[in-house]
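Heads up, the next two complexes both have chain A, just with different partners, chain B and then chain C.
What follows is the complex of A and B.
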């Protein structure tokens, strides 16, 4: 018999103070920008200086988020580490490539090259934990986190592992940000966080972050939620989303009215928010939430939604700042997440109250 | 020579990301590897590149590195004798 999968712990490093224990978006950092960075925890409190000196920001964020998640789960180690990242360690990649150009392909040093690979975060986490188990990194644009989630879910359902650390991590790099501004993937103008969805312009407000979770096939009193289903699509036309959504609900024996909260990945890009608006209309009697005004857009931003939804199901409360409409709900039992980026790599994630 | 030693300390701190250290924390005769500063083999590669880039010294025999990189004193002495820029 297939086992169920539970979210044992959550950890988030984002543009809000989500790394603080018990914080749940009560006080918000309100930005007026087109790129927002994370609020850094004191990394030295978690990583020895000798280990930290070769780590770029993304690695530090991932390692610290993983440590918080493990601590929250009351575990010393896990059976497997599965990471999702869209751009990997982009800062070290930029550093290494810049050094090649600046030094005319000479005097190349090893550190940034070694640390620039996409699986550096997963590797460093395993080194810190001394975890010699399964270690995998998924690099699949805005489906990177969901790919990690899906892998963990399958392994836990089949009882191949008991506890798996999963996470999504992406860092901002100066050069990559500059390019994304040039090709208008980043908004040309600074936008207030609270006005993201009415900016009426193309592009997104970019961000970064690391969100890690311990998933397990054992139910404990401290569980946040049950991970019921994940489904991904590489390409969907706007009109196909609703059709696939209905099919997804049917596959999970659910109807539209069974969904207590719909968490949407709107990023204020008028070219692509239509994907979300179609669903929003279909679910007009359901409470809806959004989050990219809090963390920015990045390939693994949906891991922030996963953090948000897990907390909602455990605490049974949706922060005011995340509300997309004014519907109310007495008990959160079933939460559905939908995300896509620039019309590609769509995901549906279904969480249930434990 | 003292100016070179100070420069070496600054370069080592910057190149090897020794964020928590200042030049005052490194004594001229401190062991750079092992029990001293605790540098490792990747740092050795960084130092070899630094010698080439900053002082025009190409180390062809890796065994030489062990003696040259023993301390700031040994590095400064070797650089003074062999530098081409």
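What follows is the complex of A and C.
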């Protein structure tokens, strides 16, 4: 008998004040930029200042988000930690590469090399929580977080573990930003958050963040939502998205009209938003939401959507700022997420009210 | 639940051979592939030794028939070479005839090109094709594309030096759970200035041939390699009447939760990983015939791993050896390289010698296997441990 999987707690560090427990996008930071950084919580409230100073930003964000998630779930530790990150602690990678070049392989210190290892956030969380259980890190671009989700779901369904901490984390690095501007993956111009989808230009507004969750196979009072399904595709042609989406609905015994909210990963890149537009048209009677104007685009940005959808299902309200259209919804029961990045690594994630 | 996880194909490229047969010949002849580094210009050239693959990038591109505007990192090139061999070995003609996924492991990813063109990107447009090839998932996407795996479950694991063992573990779990019928699992990592200098700052690179489990070991040699295996479900094996090379019988992953780079003195994480793998296989320690140890030849690893082995096996430690003296430490690929070697050990009933060993460690009495040994093998345990406290064990068996 397969167990059901529940989202027990959520934690978000993003370009909005999402680290505050009761905040749900009421007041918004309306950026005018092509790169947006997170609003930092007071890290030393969670980590001793000396330790925090040594930590890469990705580690700090990951460790603090994981502590908030555990606290929110009322847990001291978990059975396993599964992290997704597209780039790991990219600032330390930059630091170490540039030091090798600038100093001709001399006077190097190991800290940035160690922190550049992709699983450094997962490892630090294990250290902080003293969690000796299963610990994986997925690094597969826009499916990094979904891989973590998929893995955790499988273990919980089979009752191999009871509580698993999962998360997506990525940080911005200056050099990486600079070179991604050169190849137009980042928009050339500053864009107002509220106007992201009408920018009509190529590239995305880059961001960063950490979104962590405790998933459990026992339903508790604090439950946000049920994680019903997650499916990944390494490739999908634009014209195949709708057909695969319908197949996914069928596999989950759902019809188009059963979906109360569709959360789309549009990032305002005119070259790639077409992937979402076909779905958007098909679901024109469904409430739709978007979020990358709030958190920016990064490999694990979909973990912010997972945070948003979990909150919607628990609070039963969708923040005005995330609405892509206007529909009246009596009860949010079923929420579907679709994300991809530059036409690759697509994911469908299905959440249900618990 | 699916019962068995069959291995039906293998492919490998390493410093001791460009395919499975060449690797096996080097293993049984005791021929190591450790030399001075020739393809990377580094100031440390006389301070270190490496396990380098002979082919240049240009030669690999030619073998794969890639056009000159390709943006393959060396990691991707090596990965595709090994993955294609794997598919041919498993005699797969239509990759999409069954639900097929790909799980690859890497730690270096496209760093070799990033470090080469880091500042040049700003000036020279021709180099910019490599920018989007930097992230760790890129080589995996390229391997999937070269194998024709489409619209499927494709992902990348990066848990430092245990990465590929974890790729095998995830693949086995997905087959068991019926999520996939077939999955290509493994890993690839190329040499880079980044890793050479990184491990150099940690002062764990030997200036001569690495000597696993030796009292006077001086550290590791870095290596580059790629290896992949095809895992198939009972259903596919039966329907296609597949030849099974071996089975993935057990697996365990645990975290040492001790230090970001060092292993705990008593190998807590390693002990847990081995115990979990035995539990999944439903084996007792007595059921293990050979341990292909992680054995990197660093002071810390070999002591910690040795103690963990003793904690699991007590006084009756099975024959064990590390093959890192042959290939160097191939980082994220190591778990897949050593999975291929473990399967070859089972197929040929041999235990490879632990090269370069002279003096037993003073902390314990166990000693690795020093000569090539012929012995009927039913099971092999393979260990892979990494930064971030990541400890993984996979058990391979002849019988389901």
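Keep in mind that, in the parts below, the second predicted complex is superposed on the first by the 354 of 354 C-alpha atoms of A that agree within 3 Å, B and C clash if a C-alpha of one lies under 4 Å from a C-alpha of the other, contacts with A are read in each partner's own complex, and residues count from 1 in each chain.
Assume a contact is a pair of C-beta atoms (placed from the backbone, for glycine too) under 8 Å apart; a residue touches a chain by one contact, two chains touch by 3 or more.
As the structure is a computational prediction, the values presented were derived from the model and not from experiment.
Once the two complexes are laid over each other on the shared chain, residue contacts for A:180 go to chain C alone; chain B is not touched. Of the two partner chains placed by superposition, A:250 touches none, neither chain B nor chain C.
Looking at the shared chain after the overlay, A:54 reaches chain B, while chain C stays out of its contact range. In the superposed model, A:130 makes contact with chain C only, not with chain B.
When both complexes are overlaid on chain A, the residue A:109 reaches chain B and chain C alike. Considering which of chain B and chain C touches more of chain A, the answer is C. Chain A residues 106, 108-110, 114 lie at the interface with chain B in one structure and with chain C in the other. For chain A in complex with chain C, the touching residues are 81, 86-88, 93, 96-98, 100-101, 104-106, 108-110, 113-114, 116-120, 122-124, 126-127, 129-141, 143-144, 147, 150-151, 154, 158, 175, 178-180, 182-183, 185, 232-236, 240, 244, 299, 344-345. Remark: chain B residues 15-20, 38, 42, 45-46, 49, 52-53 touch chain A in the complex. Of all residues in chain C, only 42-44, 102, 106-107, 109, 111, 114-115, 118-119, 121-122, 128, 131-132, 135-138, 140-141, 144-145, 149-160, 166, 170, 173-174, 177, 179, 193-194, 197-198, 200-202, 253-261, 268-269, 272, 386-390 touch chain A in the complex they form. Note for the complex: chain A touches chain B at residues 49-50, 52-54, 103, 106-111, 114.
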